[in-house]
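Structures are listed in the sections that come next.
Paired with chain B in one complex and with chain C in the other, chain A is shared by the two complexes that follow.
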Partner chain A sequence: MIKQKNTSKRSDKKLKVSEKDLNDYYWAYFMIAPTIIGLIILNIWPLIQTIYLSFNRTGDFGINQWIGLDNYKQMLADPIVWQATLNTLKYTAISVPIGVILSLGIAVLLNSKIKGKTIYRTIYFLPMVSAPAAIAMVWRWLYSSDFGLINYLLSFVGVKGPNWLTNPKLALLSIVVVGIWSYLGYNMIILLAGLQEIPKSFYEAATIDGAGPIRQFFSITFPLISPTMFFVVITSMITGLQVFDLIFMMISKSNAVMESTQSLVYLFYNYSFVMNDKGYGSTIIVLLLAIILLITVIQLKLQKKWVHYE
Partner chain B sequence: MKGKIKSSNLIVHIILIIGAFAMLLPFIWMIITSLKNLTESTTIPITIMPKDFKWSNYIDVWNQLPFAKFYINTMLMMFFRVIGSVFFSAMAAYAFARIDFPGKKFFFMIILIQMMIPGQIFIIPQYIMVSKLGLLNTVTALVIPGMVSAFGTFLLRQFFIGIPKELEEAAILDGCNRWQVFWKVMLPLTRSGLVALGIFTSVFAYKDLMWPLIVNMSLDKMPLAAGMASLQGQYSTNFPQLMAGSMIAIWPMLIIFIIFQKQFVEGVASTGSKS
Partner chain C sequence: MKKSLKKIIAVALTSIVVMTTLVGCGSSKTTSDTSGKPVTLTYAIWDKNQQPGMQAIADSFHKLNPNITVKVQVTPWETYWTKMDAGASSGTLPDVFWMHSNNFTKYANGDMLMDLTDTIKNSKDVKMSNFPKSLVSLYTLEGKVYAMPKDYDTIALWYNKTMFDKKGIAYPDGTWDWNKYLEVAKKLTDPSKGVYGVVAPSDDQQGYYNFVYQNNGYILSPDKKKSGFSLAATKQAIQWNVDLSQKYKVSPTQQQFADTSFATYFESGKAAMGLFGSWMVSEFKANDYVSKNCDVAVIPHGKTKATIINGLANVVSSKTKYPVEALKFEDYLGTKAANILQAEKGAAIPAYIGTEQPFIDNTKQFNLKVYPEMLDYSVLFPNSATKAKWYEIQNNTMTKVYTGQLTVEQGCNIIDKQMNALLATEK
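Showing the complex of A and B:
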């Protein structure tokens, strides 16, 4: 093997970039090339295109016509879009806090000295590796007002089960339950990993000082897990705002509750690929992008208030 | 004192078991329903256990929809996406983690930007692109969007940063060029990161619904997720068969998960730490 000399054959030490460095640069560009080129072609350029599309009306043959801000004006006046935005925000506002708190609770329990952690972990994570389509189908069956297990069990306590998926007030909540159920294990594992990084000695010292478990939780556990919590909350919110699969699979198109349930992404899908108005669809998804960015920025600002960093 | 510990452990177990039951109930109900015949499933009051085990539901559903094709399409999609994203992301991650090259910050910005943006933004133009390339209704179309991964690059970069520089420097002194350092030294050391990314990519590919729905119109090109959607259209009332179909769709992934659950869990846990 040839030993690399750290000098170049040209005017040597005065040159800022040595041959070795140049070699490094070539390798670096080579190694980032597939990913960067791929991302530019598949993501950055499409991002620009989508924004461009939102200023167009897509005609019958896919021909785009520039219409400036008309799509946006139409969207801001569109009650369906407002309702979908509300649905999406509602879904997120309910599923994220409940989901994260439940996940944290289970993680705390699993962090204690008990046996069978692996089995519990596996069971709680099962929903995450199951195709949403299949999950949606079985939950649809569980929620069935006449033949569903849920209403059957409720009948044992004398409650007549409601129409979970056809009652406009309940449909979205029913889907929220499935959403929480799906992601519980995933969030729990991330939180559990964060909990396991907290040194046991902290708790031991606190016990010696006479602090009970609840006090310990709020003084030790919560501050130290807050960065991980923050991560989980943000990722859950972003995922929640994009809800589509469950709604698509659980609420049929003809179901009257669609209007009180459909999310922005569902609208996006409908306009872009079913009704073929890609212009308007693009406008809707740009709206979602704005909402996500806004909420993320707000969260980042808020984190100073409650997230404890070393 | 011992008695106190025992009872608190018991409470913990009780709560966890209740939760575990809630997690498992849909799966159990799926299995039970899939073995009933149609009238059994729609009689009131509901019966819990099927009288006879109607395995024929599975055969019927298998024959009605091209499940074999669904499996193959899903596996191809997962395989190529994993190979592409893991390999390309590892390369890029190494460069970002260890080499100081001009424009590094700018290029890394591209990665960060992509991670913050919801995937649906890219879908319409991606669809148009695939359509213009004449690749609609192919497995290739399923693979393309997953071939490169900003998230994967970001994740693996964290792993590479954690490797001691001395190992690299030793290799460089031995005369290795950057590629050899990457290939022979760094990659083997980040095996758990590579596995984690591979798992993420496969699960995400397996669950992806919207993209296959829009690029693949014919049944025999669909992967499992999209195929299931069409199952629902055809069988909206025969629930036992719908459940059988769902079982066929999910059990491979469940088995894989149960076998590799250590890697799955470690992979997921690593994404949350210090991002």
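Showing the complex of A and C:
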């Protein structure tokens, strides 16, 4: 029966090429329709609406008034927005390099022949499975100046623990630590997959030629894992620039360090949902969009310099 | 054959997935029915501690009206108004819900609330004279009543009896003034043990607002057109309150409060006194330490007596699908019976004058009668149409004043300028 089907298909193919192609196209679009419709309704349309809102003065319950570039003029003169941009860039500039390098180091170590590899991999990945709210709550308690575990342990060695979350100079760094910690596992798994694609024969040849492990890392591992690294760096940067939940849950509204810690997304949330000024909030988030686009474009251009594709 | 079978299975699975997501999103639309067919109303609240009280009211209403079931939904305060705002914009507000004075003007002006004037006129049990005048005026706009007062809260002085006993100090007796308050606080502060006499956070309702009015200042002018932050009396009162933590060091600093809330300091015996609203009673009751060791007294007075009063109210959405049933429930919420139930469950001090006794009797370990006692000289928690915006500016600036980043003079001037600008935009 199959043989018959095949030949009939072949003859169909010869006679009605365009119809079959059309049929395939129809099925293809039909298959991707749910995802595309979801993307359009939940991502693209809200994006267009947000950009539209940034040119409006929003009133209560959806009554808006077009004001052109006024929101943008207000934003460019607003020192709080510039401080938040600085905070966001600082957070990303510290957490991404450290996070990616640490993940790479751990991935390399977990790729070698050590006992209990799987257990270590699971442990490092566990933070990704925990709810961000739970992580923030536990770390907040750990960081508590008077009653937290970290300062308590420090008191045993005679060191008076600093105010991790209430000292303006330290608060952002404390949050960076939690951010790096929670994403280590995710980046590690991706880098691990990239590492396992490197043929072992390269390392064997290098060992025969007398190359030490560090030389091997920089000459073999790093170039061959650069595509994966590139992906990890770009996604980490985009996630870092969008930091919100850690700040929202670890810095209370009555904390004086809020201004030196709040990120652009936090400002967006505060203006749009707490103060109900969705117009200005949208303007802020359009600024963040522009920053992310700019950084990503620069990264894509720099790609040619350091990413080694086969 | 195999290929088309795969296609059919793929289509079937996709449609099932799409349909289940759509079913999850959709809301069942049934029309309002007055002929006795079963109707379910949604009643939204934000305080988990008061849920048993609200449920008791819903159940007793159901006994009187078997065809109407009321579902009590709790959304935490932090996200309650975000949810209501979204519901208001999309026409999906709950049928009946709690209203706070901060947001009343916004919702009433935006036509989101049903006018209750006729319902109250035709009601058997409910009269506006049963409620404190200040609460009724809070929820009246242009002569029409849009909300049924539910409860009121005032601010009183809570103190730790055990700590007072250890130092041989007499308990607060309602005659204290600011000087006495500070004097006792100094006696009870012990830096070596990390214990403080009072908690003086940058909280407005449970903090400096009370002192401002006690000093004959104000936060918002009675005609709601001017900010009171430029008044010398206001600045003086705030300075005194800031000094408690900054100068006299009888209170933890604002920085410490950012790590550990001021209520926690009191609840763990690290602070001997604090000002707390009556809504904290259920939390304090459930706390073993506070239950055994603490009690409450009338708030200290300054040049005059004052305590901040605020009241919640129940409102009906103007776009509810069941107006008849919702108004019936709203009417019931204003009756003596419902208010007594509220008091019995210790939820809050009911607004219906004369029904406070069960609330007081319900909690024998605390001297709760001080809360209704202060009604005579209570001052309404100030609010206006743009409160959401000036409130945010006020809180952010005050946090900086309390940490010492800004002086009281600087902070008050900043708030005054921006608040007046916002008040000018209100019609």
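As a working rule, the second predicted complex is superposed on the first by the 290 of 310 C-alpha atoms of A that agree within 3 Å, B and C clash if a C-alpha of one lies under 4 Å from a C-alpha of the other, contacts with A are read in each partner's own complex, and residues count from 1 in each chain.
Basically, contacts are C-beta pairs under 8 Å (C-beta built on N, C-alpha and C of every residue); 3 or more make two chains touch, one makes a residue touch a chain.
Since this is a predicted model, take the numbers as computed values, not measurements.
Chemist: Label the relationship between chain B and chain C on chain A in the superposed model as either fit or clash.
Modeler: Here the two partners, once superposed via chain A, clash with each other.
Chemist: Which holds for A:163: it touches chain B only (first), chain C only (second), both, or neither?
Modeler: second
Chemist: If you stack the two complexes on chain A, which partner ends up touching A:255: first (chain B), second (chain C), both, or neither?
Modeler: In the superposed model, A:255 contacts chain C only, not chain B.
Chemist: Per the contact definition in the header, classify A:298: touching chain B only (first), chain C only (second), both, or neither.
Modeler: Neither partner.
Chemist: Is A:273 touching anything from chain B or chain C once the two structures are fitted on A? First, second, both or neither.
Modeler: both
Chemist: If we overlay the two complexes on their shared chain A, which of chain B and chain C does A:147 touch? Say first, second, both or neither.
Modeler: both
Chemist: Tell me the contact category for A:31 with respect to chain B and chain C: first, second, both or neither.
Modeler: Once the two structures are laid over each other on A, A:31 reaches both partners.
Chemist: By residue count, which of the two partners contacts chain A more extensively, chain B or chain C?
Modeler: Answer, by number of touched residues of chain A: B.
Chemist: Figure out whether A:113 sits in contact with chain B (first) or chain C (second), or with both, or with neither.
Modeler: first
Chemist: Considering each complex separately, which residues of chain A are in contact with chain B in the first and with chain C in the second?
Modeler: Correct list for chain A: 1, 27, 31, 34, 146-147, 252, 273.
Chemist: Could you pull out which chain A residues touch chain C in their complex?
Modeler: Per the touch definition, chain A meets chain C at residues 1, 5, 27, 30-31, 34, 60-62, 144-148, 163, 165-166, 251-258, 270, 273-277.
Chemist: What part of chain B is in contact with chain A in the complex they form?
Modeler: Listed in rising order, the residues of chain B that touch chain A are 9, 12-13, 15-16, 19-20, 22-27, 29-30, 33, 41-42, 44-46, 88-89, 91-92, 94-96, 99-102, 104, 107, 110-111, 113-114, 116-129, 144-145, 147-150, 153, 172-179, 182, 203, 206-207, 209-210, 213-214, 224-226, 228-229, 232, 236, 239, 242-243, 245-247, 249-250, 253-254, 256-258, 261, 264-265, 268-275.
Chemist: In the complex formed with chain A, which residues of chain C make contact?
Modeler: The contact residues of chain C facing chain A are 1, 7, 10-11, 14, 17-18, 82, 85, 88-89, 106, 109-110, 112, 194, 201-202, 254-260, 388-389, 392, 395-396, 399-400, 403, 405.
Chemist: What does chain A use to touch chain B in their complex?
Modeler: Interface residues on the chain A side: 1-4, 23-25, 27-29, 31-32, 34-36, 38-40, 42-47, 49-50, 53, 106, 109-110, 112-114, 116, 118, 120-135, 137-139, 141-142, 146-147, 149, 152, 181, 184-186, 189-194, 197, 227-228, 231-232, 238, 241-242, 244-245, 248-249, 252, 265, 268-269, 272-273, 278, 281-282, 285-286, 288-289, 292-293, 296.
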